[in-house]
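Labels run A, B, C, D, E and F following the written order; every chain starts at residue 1.
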Amino acid sequence: MPRTIYVINPNRSEIVTQGIDAALAPLRLADGPRIVCLTREDGPSGVQTQCDVDGAAMPLVQRALTLPDDCAAVVIACFSDPGLHAVREAMAPRRVPVFGISESGMLTALSLGQRVGVIAILDTSIPRHMRTYGAMGILDRVAGEKAIGLQVSELSDRALTFERMVAAGRHLVTERGADVLVMGCAGMASFRDDLQTSLGVPVVEPTQAAASMALGRVLLGW
Amino acid sequence: MPRTIYVINPNRSEIVTQGIDAALAPLRLADGPRIVCLTREDGPSGVQTQCDVDGAAMPLVQRALTLPDDCAAVVIACFSDPGLHAVREAMAPRRVPVFGISESGMLTALSLGQRVGVIAILDTSIPRHMRTYGAMGILDRVAGEKAIGLQVSELSDRALTFERMVAAGRHLVTERGADVLVMGCAGMASFRDDLQTSLGVPVVEPTQAAASMALGRVLLGW
Amino acid sequence: MPRTIYVINPNRSEIVTQGIDAALAPLRLADGPRIVCLTREDGPSGVQTQCDVDGAAMPLVQRALTLPDDCAAVVIACFSDPGLHAVREAMAPRRVPVFGISESGMLTALSLGQRVGVIAILDTSIPRHMRTYGAMGILDRVAGEKAIGLQVSELSDRALTFERMVAAGRHLVTERGADVLVMGCAGMASFRDDLQTSLGVPVVEPTQAAASMALGRVLLGW
Amino acid sequence: MPRTIYVINPNRSEIVTQGIDAALAPLRLADGPRIVCLTREDGPSGVQTQCDVDGAAMPLVQRALTLPDDCAAVVIACFSDPGLHAVREAMAPRRVPVFGISESGMLTALSLGQRVGVIAILDTSIPRHMRTYGAMGILDRVAGEKAIGLQVSELSDRALTFERMVAAGRHLVTERGADVLVMGCAGMASFRDDLQTSLGVPVVEPTQAAASMALGRVLLGW
Amino acid sequence: MPRTIYVINPNRSEIVTQGIDAALAPLRLADGPRIVCLTREDGPSGVQTQCDVDGAAMPLVQRALTLPDDCAAVVIACFSDPGLHAVREAMAPRRVPVFGISESGMLTALSLGQRVGVIAILDTSIPRHMRTYGAMGILDRVAGEKAIGLQVSELSDRALTFERMVAAGRHLVTERGADVLVMGCAGMASFRDDLQTSLGVPVVEPTQAAASMALGRVLLGW
Amino acid sequence: MPRTIYVINPNRSEIVTQGIDAALAPLRLADGPRIVCLTREDGPSGVQTQCDVDGAAMPLVQRALTLPDDCAAVVIACFSDPGLHAVREAMAPRRVPVFGISESGMLTALSLGQRVGVIAILDTSIPRHMRTYGAMGILDRVAGEKAIGLQVSELSDRALTFERMVAAGRHLVTERGADVLVMGCAGMASFRDDLQTSLGVPVVEPTQAAASMALGRVLLGW
């Protein structure tokens, strides 16, 4: 079964792609679809601004359109779901389902708790994410979103990043009533287990969530 | 990896269980979790009334609690999600995730279209389903629900059942603006492909959707 | 007029039933319906978990079905409204209206203020209550819910309980913007007047609210 | 117990007031509150336009402020709830609860079905009513509203009025999915029983609903 | 082009009217509509209570109906939008559009940020405003509303007023997630620029917003 | 006052740009801002697909960034609001407000009626528009959207186009309860007056709505 799920990291950071690739290892089965993680080499160092997001859409469409024939599903590995609906439209003739990690992460969270808190990197992303949750029609389930307030360069300080994530998560749980958390970034995957242990509520790593959804859909052939 | 997803049909119809079992075949992978479909032998012939639904909750809890140690996930295969939150609570100490096919089917549909139409068996189930969608906070994405108006006994007439499903689906698409459909019953699985072909919009078979979500979660260990 | 409103306490605590009975005294009129409070002797000591709630549903249906012919209305006196819709369905052939104290308490609160705060006993009940408010479609009017964080055994300490209720209510008013409060438990009735006096906003005792609604409906014959 | 519920008809039609008075007879109990229905003699022949509604507010406040000391509750018997919040404010120092029949009728309907249909007199009232349902935060429970399209003068033709009400109600049930109906006018009370029989779904007469709520609140002393 | 936009201050404060008049200066163009600000001399000193609001409706209708023939639009300059829909109805035969500053201010804010915070004068106005936002169907965009808690007489202390406005605005931004603010009163216009500078988020002065909308509509002739 | 509002047509059709330019004539005042309409010469013949929309975003950002120093506001004249939030972000350092015609048209409609119907060109655009209304948080005010079902090439047949628009508008008013309509395309401006006359409800031409909002904001200096 030559079926492959392509997970595209819209930024050019190989480290992020490697983190995603490692996180998806449990979803690789002997007779299941391959899962291949790609870096958009011509992408920005991070997808942070609205221009980064909108600027990623058409390159992602182009990348998707040139994926090999074995492409069975596409995952866009950025929490702003850049170009999600455009890539869906572009891949529709090939009947290839397309997943965004924000949509997939949030939908998965809805099966794990009643009120979803999201840990963002930057404050400036929150209004954009709120528009997405509104477009998804799920705002009644969103307890709130809290940024950790670190620059991309600071994210390499793992201890600081984790401390901030714990603080943001705790705020969402105790002050906003969240009972499930979503990590609002594709680059946080390696913190998921520790974060869940520290906070005592389920934590959704959105790229894993999206690849899981893709896995099911590929197997079912929908 | 001795992990098993148990899919429990809350009614006593072996035919329904067999239909579910067949529908889940594509999700069985060599090194993936086993998927075992169980019939609740002491269940009603169908779960149709509110009393059927509420009456199924505690027996499902009991059945879940007595599942063997290899239990990695539970799927409740009835579109009214009987006992979903009670089974979740009961299985939490064993860290076994639990899925309802209504919740899972609707969440999956949200990634396939903007406005979801649901094909129900009976008119009397629609207010109950609406309460569920309200509890899920997704009513803004629900285009409507339409019953095919057949008795359980009539469902064995496959030609008639399919005709009614096509009519209900068409109504939801053309009159209510649905662009994705969910089959609101665990016993309709074998019609999915034909229905999608006839109507030209994606059709979600909810037990497949739930088992897919279970598969991903078991592999990830969440 | 041999009409009787039966108020069923789904837990086995006679003390709770007696408290309810006392709270309903003002609704007993010479030529009005009788109001009889029943204890579910085989019930749990408290209805606190989801399994308690789901486990109470069918016994409540059975109890309702065996109520005498003079039964004119049923009130389910637990803030999780266990089995509400099943009991409604079961009593429909007898044309007996059925009331849950959560539904009735919240609807009553909507006529007393714009933003409703709910004082819960336990944190773990809040997601369940939120599902109910979502199913009722009234989440836009819910300011929040706050638990007093006491075990059932501690509720016998009236001074402590009242202190916690005042603190939770004050939080809901000052931090969440509530202008009306609902006591999210059938066992708090005797605190209502003092709580309202202390907090300066209307406080809804939900069993009184439900029995009031039942009284009106019985008199009207709807 | 010299407690009186005053039901004020904001239009000057004695016939409407008499119809209301008759409809409230079942709520009069030997040792319960008196229920007195008043006509606003200086009111318009009907409250139909937005100016009628806004023009009724302050006269209703004045009327309420001059009610005798035995006033225990006020019901404003017009489905546009004219001056509801102003009368509430004005009566707050006397601790007299105030009920609007639109608010009370809709809240009552929420305990009788999942999706509420409203039968209006005039199309032009529907946007105003929709604003009220929005302000109440219950739009997710409103299936729709349909006008019978008769002039006030034509309402005296009972056969025609009933026929139109049945047609509007049937449309709301079959085309919009309503499973409970509210009569959107204080002057339709005498049709309730026949309408419910003809349509097979519960029908709420809103003045009865409001007076029932008032009865309960007076007895409880809230 | 003898077109005039009449801005009516429903309270009798000439100082407020003068403040409005000054704030609208930028909207006066050589060949654009005149903008004339009127004081309702027989109005209350402030429109603060619900009775003030409801009591202002019909006088505003009367004032509007007697505006000269050159009336091209009406703006009601009170954040409770007294009589807005009645004045609309009354002016419809003359095809004169009517604007409320609450509606206009909130709609304008929706184009300036994702989550709107409102700075109110009094706590008691907040439930009324919430009903308006609910009637407008925009509650999902409202982050919250916070009162500055000053009496009308204290508003003449500009330093104190500004300090309180900054504190309320800061709370809305940092605690409630607002990214745009609306000044919930017609009398705050002169603080807008300083408030925006102090808080670093856009601040909407609602009378300017309403007069801007009126200007566009008059020019277009809608 | 060298202030200019730039209205950018994201498709390359000069005819559409000329139609917009003509429609905006009433908003040009002697001492008001200039209004200049630009065609994106390298744009597609029409912005119809999701890829067209996403593909227009960054070229619009580039075009906006290269607008002359007299740029006081930008209007994006396509009903899918391509790149709206990216252009806003890009122009923020220059403090230039940016308007999308979908957002502006819908907000304007909210002041003209209670339930908004939208006349679309193509069925395939409706889910995208629904996402936008969801992101705007205004779905409770949207009665529905109906496509006229013509290809771009057929739009040159004005009689046919108008006939279809009237039919779609009538459907939205009579079947869906719309009391205000929005033309869901920048190329329909010349039909507005006739459509409003034919249908008897207000009709919003969204580019005029957006330019009106821009005019007010430029004058106010916000």
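What we mean here is this: a contact is a pair of C-beta atoms (placed from the backbone, for glycine too) under 8 Å apart; a residue touches a chain by one contact, two chains touch by 3 or more.
What you see is a predicted model; the values in this text were computed from it and never measured.
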item: Shortest chain-hopping distance from chain B out to chain E; value: 2
item: Remotest chain, chain B as reference, centres from CA atoms; value: E
item: Angle of rotation relating chain B to chain F [CA atoms, steps of 5 degrees]; value: 120
item: Distance from the mean Cα position of chain D to that of chain B, given in whole angstrom; value: 42
item: Distance between the centres, which are taken as Cα means, of chain D and chain A, whole angstrom; value: 51
item: Centre distance in Å when chain E and chain F are each reduced to the mean of their C-alpha atoms; value: 26
item: Junction residues of chain F, two or more chains touched; value: 131, 134, 136-137, 139-140
item: Set of all touching chain pairs, with the criterion as stated earlier; value: A-B, A-C, A-E, A-F, B-C, B-D, B-F, C-D, C-E, D-E, D-F, E-F
item: Footprint of chain D on chain C - complex, ascending; value: 26-27, 29-32, 97, 99, 103-104, 107-108, 110-112, 136-141, 202, 204, 208-209, 211-213, 215-217, 219-222
item: Chain B to chain D touching residues, read off their complex; value: 126-127, 130-131, 134, 139, 144
item: Chain F contact footprint on chain B (complex, rising order); value: 113-115, 140, 177, 179
item: Sites on chain D touched by chain E in the complex; value: 49-51, 53-55, 57-58, 61, 83, 85-86, 88-90, 128, 131-132, 134-137, 139
